[in-house]
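Shared chain: chain A. Partners: chain B in the first complex, chain C in the second.
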Partner chain A sequence: MDTFVFSLTVLLAGGLFALLAFRQFSLMKAGYIALTVSGSLIGLYAIKVPLVDGTLVTFSITWLHLFTLSFRLDSLSAFFLIPIFAVCPLAVFYSFHYMDNAAQRGRVAVNYFFLTLLIISMALVATADNVISFALVWELMSLSSFFLVMHDYQKKTTRRAGYIYFIFSHVGAMFIFAAFALAYSYTGTFDFLSFADIPGNIKIIVFFLALVGFGSKAGIFPLHMWLPHAHPAAPSNISAIMSGVMIKMGIYGIFRLYANLGVTDLIFGEAVLTLGIISGILGVVYALGKHDLKKLLAYHSVENIGIILIGTGIGMIGIASENMVMASFGFAGGLLHVLNHSIFKSLLFFGAGAVLQKTGVRHIDQLGGLMKRMPTTGKTFLIGSVSISGLPPFNGFVSEFLIYYGAFHGLTLGGSSFIFTMLAILSLAIIGGLAAACFSKVVGVVFLGEPRTEKAAGAFEPGFTMTLPMILLAATCVVIGVFPEPFVLAAFQGLKSIKTLHLVDVNEVAMIVGNLAFAARLFLGVFVFSVLIRKFFYFKKEITEGATWGCGFTQPTTKMQYTGTSYAISIVDFFRPFVHIRTNYSGISRIFPGRTTYNTRVDDIAETALMDRIVSPVLYLLAKLRWIQHGHIQLYIGYIIVTIIVLLLFI
Partner chain B sequence: MINVTESILVITLLSVLLSLGSTRLIALVKIMALQGIMVSLTPLFLRGDDSLGSGAIIFFQIMILIKGLLIPSLLYMAVKKIAIKREIEPIIGYHASILVGLVILIISVFITSHLRLSLPAGHDMVLITAITTMAAGFFLMMARSKAITQVIGYLMLENGIYLIGTALTKHSHTLYVVEFGVLLDLLVGVMIMGIILHNINSAFDDADTTLLRRLKD
Partner chain C sequence: METYITLALAIVTAPLFPGIILKVKAFFAGKQGPPLFIKYFTVMKLLRKGSVYSTSTSFVFKLGPTVSFTTALIVLLFFPFAGSMPLFSFHGDVIVLFYIMGIGRFFTVIAALDTASPFEGMGAAREVFFSTIAEVTIFTILILFYRLNGSLSFGEYFTGETHISPMNASGALLLFVIVALFMVLLTENSRVPVDDPATHLELTMIHEVMILDHSGPDLALIELGSFYKLFFYSAFITHIICPFTFASGAVNGLIFFAILTCIYIAIGLTESIMARFKMDLVPQFILTSFALVFFAAILTMGVLQ
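What follows is the complex of A and B.
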């Protein structure tokens, strides 16, 4: 644990350095990056031992003479610490050229400081070992990320997004604390390990209360509403960390609570699986319907959380029906997808940030043709897109394959488990297909074709600190896809903390993964081979290049290209009962029509339902009480007195 | 023989009534200084023959210094600096206020006897004074419109709370620590209110809190 604490200390030193040295803008950024990267590297070194041989490291401190804050680093924590210590330094490195406005240097320093707090608190969330320390660092995580979202606080939309995030994270935290309080009332200790002693029916309540809380952090479907607001509002490196790493802490909470409760009932698996299916499908459908680049990526986070939950749900069902092959592979797939998603989602957010910085627009229908202007960004974004769609030979395929493998083993079960497993397989297939459709839309509209606006035409490649993290992450996508063995084994190692799970033999895992790796390499080989063949046949032949989508027109215009809406609307339309599509079309009436307008927007049903069913009635009721606020200080003091008297009388 | 504790309490009560009836801010500040000193002295005489520790003596000295000197002088400076043109401006008139003060006194006697606490001899008088002071502080906050009178009402409220603490608790060292913390809060509160007063005054040309109504949304 000493190494781990040391790494956190180095990180904290980086944050404080940023605050102290903010007047020297470049020095501050360079020093902060150096300290954060070295702190993260030390952290990676610290988690190596628990991850490899599963030794526990603990440390605890007393706080206020009353509470013991204890932290424990086991293999599950260690696995969740990998994305924290691997992705965060890249995001910090990325910020060197991304946050290049020297006029805002004070604000950047504050941003760095809160980023440090976020990294430290996430690392501590993943290691917290009792209720008090968990609640404390969880709250620290929510608050520091709130300040990060509020970076551009002068914009009204940013403030709104920040408040939405604040409300969601704190309502979620309230549910988590309620679950802990309920558990405490039965165990009488703050220790996480004592959760196993709670009576069975209370365990169910504790789990589902906490699931609401963790779900609102992770972005499970009806509780995901803060994601599409907060991610576009935050700076891109922050979105990358929040979407890639922070929301995984919600998943970690679910894993940890499940392990500590030691439950084996079927209902947990079925509930988690159902939530996963809903989040997965609707997340990707809304992603198809949205045309704001970062909002779209935010909905993809919802989708990927859905995939992770499907894996987890398969695992839980496997444990409940004592099918350990299904359980092991389901959990391992979910866990590996946590790592994979953190890699390709941060890669995609980095790409989106680069596009945003160089063009200033987020709407994909105003972009286009960026592959020629920003080749590195475009190619790495393409690799990220293929990975997130779960296609071989990249990393998304590996984790989804493990989930499929577990799910197919579940088809031997009878009764409701069979139906749920079947649904899981079907929805995974649907999600994969829709994700591929969505990313062909994004890559096609943003990076291919011709630029639709002046801003897109003037884009150029960003600085090396922005492209280098993207290249590294894209390379990691390929490495995990082609050499998956160590990563899969690490995920299996992480699962050793779940006591109810009896893992399948390592040799069997190695064999399956070996076959998978062989298939991926074969696929890669075929791909490279066909590229070489193409090169060979076109060698020394005359190649003429025309404008994209030129198609022999004498007067081609950029408006002839597919737009995001036209590409996706037919798919989105299919899911109409779950998606609100509002269309405004002025229509064409005469032979020489006048100015015609057409626009559609896709509304999130969870958001409209929340607005119509809860927020509006509450606002209506509260508006009736506005007379209480009249502006007389004297009467306000009167309220205080009345309250005190009433309290004295009744208590 | 004159009972010193009771004389102090009577002076405190009189200062409360006087503050309710006073028409001038400067006079009110002076009354508050007197009240602060009296309140700080009460526990000293209430203790009887126990010996005082050196910590307690230092505490009482600082307490008298802050309540009797520092806070009133801050208030005095505030009154002078923002040059309040019109004086107190009551929402409830002076004579009615004094009448209310007397009613509060009667009610607090009633409450004290009604509570039937087993207090040591002499402490019930402290409790009566405490409740009166507290309630009168609240009343002063509600019944006057100048922002500075609200500060003074708040101070009076704190005096009352301190007296309640004195009446109900055994004197131990930790009590002083808590009281000292409250006192620091109070000091900072008064300083902040001074700044706010200055801002209200520059924004509205007057420190009248009825003008703050414009700020509501």
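What follows is the complex of A and C.
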């Protein structure tokens, strides 16, 4: 644990250094980056031992003479610490050229400080071992990320996004604390391990209360509403960390609680699986309907959380029905997808940040042709897109394959488990197809074709601190895809913390993953073969260039290109009862029509339902009570006195 | 040995069979039609040529044909043609292979979007939409097969002790699969009534419009890839109709190619007697195939209990 605490200390030193040295802008950034990167490397070194042989490391401190804050690093914690210590330093490195406005150096320093707090609190959330320490660092994580979202606080949309995030994270925390309080009332200790002693029916309540809380952090539909607001508002390196790493803490909470409760009922698996299916499918459908680059990526986080939960749900159903092949591969797929998603999602957010910085445009229908202007960003974004679509030979496919493998082995179950497993497979197939549709849209509209606006035409490659993290992450996507063995085994190692799960034999896992790796390498081999064939047939051939075939039309403009909106609308329309499409069409009335407008918007049903059904009635009700708040101090004091007297009556 | 022979035969003869479709269509139209080897001539002609590239395109455009050819070729390596052992096989390979076909589609689609042409964008949008629904049918079929014999690879489906056969106890369910898979074949290979490979109106096309700007050897690779894809789907249906467990490999091969020819003739028949659907009917058509196999999968709950 000493190395782990040391790494957190180095990280904290980095944050404090940023605050102290903010007047020297470049020095501050360089020093902060150096300290954060070294702190994270030490952290990666510290988790190596628990991840490899499963040794526990613990430490505790007494707080306020009353509470013991204890922390414990086991293999599950270690696995969740990998994305924290691997992705965060890259995001920090990326910020060197991304946050290049020297006039805002004070604000950048504050941003760095809160980023440090976020990294440290996430690392502590993943290791917290009792209720008090968990609650404390969970709050620290929510608050520090709130300040990070509020970086551009002068903008009204940013403030709104920040408040929405604040409300969601704290309502979620309220549910988690309620669950903990309920557990405490039965066990009488703060220790997580004592959760196993709670009576069975109370375990169900505890789990589902906490699931609401963890779900709102992770972004489970319909508690995902803060994501599409907060991610576009936050700076891109922060979005990368929040979407790639922080929301996974919600998943960690679900895993940890499930392990600690030691439950094996079917209801848990079926509930988690259902939530996963809903989040997965609706997440990607809304992503197709959105055309703000960062909002779209935020909805993809909802989708990927859905995939992770599908894997987790398959695992839980496997445990409930004592089908350990299903359980092992379902959980392992979900866990590996946590790592994979943190890699390609931060890569995509970095790419989106680069596009945003160089063009100033977030709407994809105003971009285009960036592949030629920003080749590194374009190529790495392409790799990230293929990975997130779950296509081989990249990393997204490895985890999805494990989930499929587990789910298929659950098909032999009877009754409701069969139906749930079948739905899981089908929804994975739908999600995969729609994600590929969505990312072919993003790559095609943003990076390919011709630029649609002046701003897109004038873009150029960002500085090396922005491209280097993207290259590293893209390379990792390929490495995990082609050499998946160590990563899958690490996920299996992480699962050893779940005591009810009897993992399948390591050799069997190695064989299956070996086959998968073989398929990926075979793909690369045949691909190289095809490239050589192509080279052979093009040897000494005449290659000419010309305009795109316009089907006889001789005056094409870049505005005639297919837009992202039209690309996606028929698919979104297919899901209409679950998606609100609003169109405004001015129509054509006269023989010589005037200016005609058409616009279409996709509304989130969860958001409209919350606004119409809950927020508006509550606001209406509270407006009726406005008279209580009138501004007369003497009456306010009167309220206090009356309250105290009333309370005294109860003593 | 059989493995290599059948695989080589598959790779060499795949371009022959689309010629059969053309012959059938010509017969129905009362024409003589192009020669049977027309597709070989087309590919040879294309391979001899150079290429014209649009100034709008980037490296992605050149990558598209290569990747789609690669994916079509790999699928053949895993398929047990005429009941012989496949060249490669492992438990779970079907999932990998259908996802590998997905990456082929992804690159075809983005290559189309790379041309900045409105028509190709339109085709791309339709392609991803329809193939997503078709994928659901495919995975339902995989679920059904897993329920039938607990296998998860083409090799396990069609070779070995517990192969899938219409003669088995639950063989009647395979009728649903055959019909559904034929519908998926029509969709995925852009045949009538989903798409019309012969039309010259770009607005109505799906797959053909995406490759408008490709030329020369690139177009040849795309064409070869699409022949392999069609061959794979037809062979898939062939194996479900008839399990190739006859003693002699030559008999297996003959029957295989005979049934395969029948399937191509069936495609030609469909194309001759049907008009293409309006675009908004296509999702319903594919969903029908899904409903059929989903029904079959639900029926296994009763069969197995």
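Heads up, the rule we're going with is that the second predicted complex is superposed on the first by the 630 of 651 C-alpha atoms of A that agree within 3 Å, B and C clash if a C-alpha of one lies under 4 Å from a C-alpha of the other, contacts with A are read in each partner's own complex, and residues count from 1 in each chain.
Simple rule for what comes next: a contact is a pair of C-beta atoms (placed from the backbone, for glycine too) under 8 Å apart; a residue touches a chain by one contact, two chains touch by 3 or more.
The model shown is predicted, which means the values in this text are computed figures rather than measured ones.
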item	value
Touched partner set for A:Gly449, first chain B, second chain C, both or neither	second
Which of chain B and chain C A:Ile637 touches, first, second, both or neither	first
Partner chain in contact with A:Gln629 - chain B first, chain C second, else both or neither	first
Of chain C and chain B, partner touching more chain A residues	C
Touching partner for A:Phe578 - first (chain B), second (chain C), both, neither	neither
Partner chain in contact with A:Tyr45 - chain B first, chain C second, else both or neither	neither
First (chain B), second (chain C), both or neither touched by A:Tyr186	neither
First, second, both or neither for A:Cys551, with chain B first and chain C second	second
Partner chain in contact with A:Ala429 - chain B first, chain C second, else both or neither	second
On chain A, the residue positions that both chain B and chain C contact, one per complex	none
Residues of chain A touching chain C in the complex	368-369, 371-372, 378, 382, 386, 389-392, 397, 400-401, 404-405, 408, 411-412, 414, 418, 422, 425-426, 428-430, 432-434, 436-437, 439-440, 443-445, 448-450, 512, 515-516, 518-519, 522-523, 526-527, 529-531, 533-534, 537-538, 541-551, 558, 560-562, 566-568, 570-571, 574
In the complex, chain B residues that touch chain A	91, 138, 141-145, 150, 209-210, 212-216
Chain A partner contacts - residues on chain C that touch it in the complex	47, 49-60, 65-67, 69-71, 73-74, 77, 88, 90-93, 95-96, 99-100, 102-103, 105-106, 109-110, 112-122, 124-126, 128-129, 131-133, 135-136, 138-140, 142-143, 146-147, 150, 152, 202, 212-213, 216-218, 220-221, 283, 297, 301, 304-305
Complex interface listing, chain A residues touching chain B	629-635, 637-638, 641
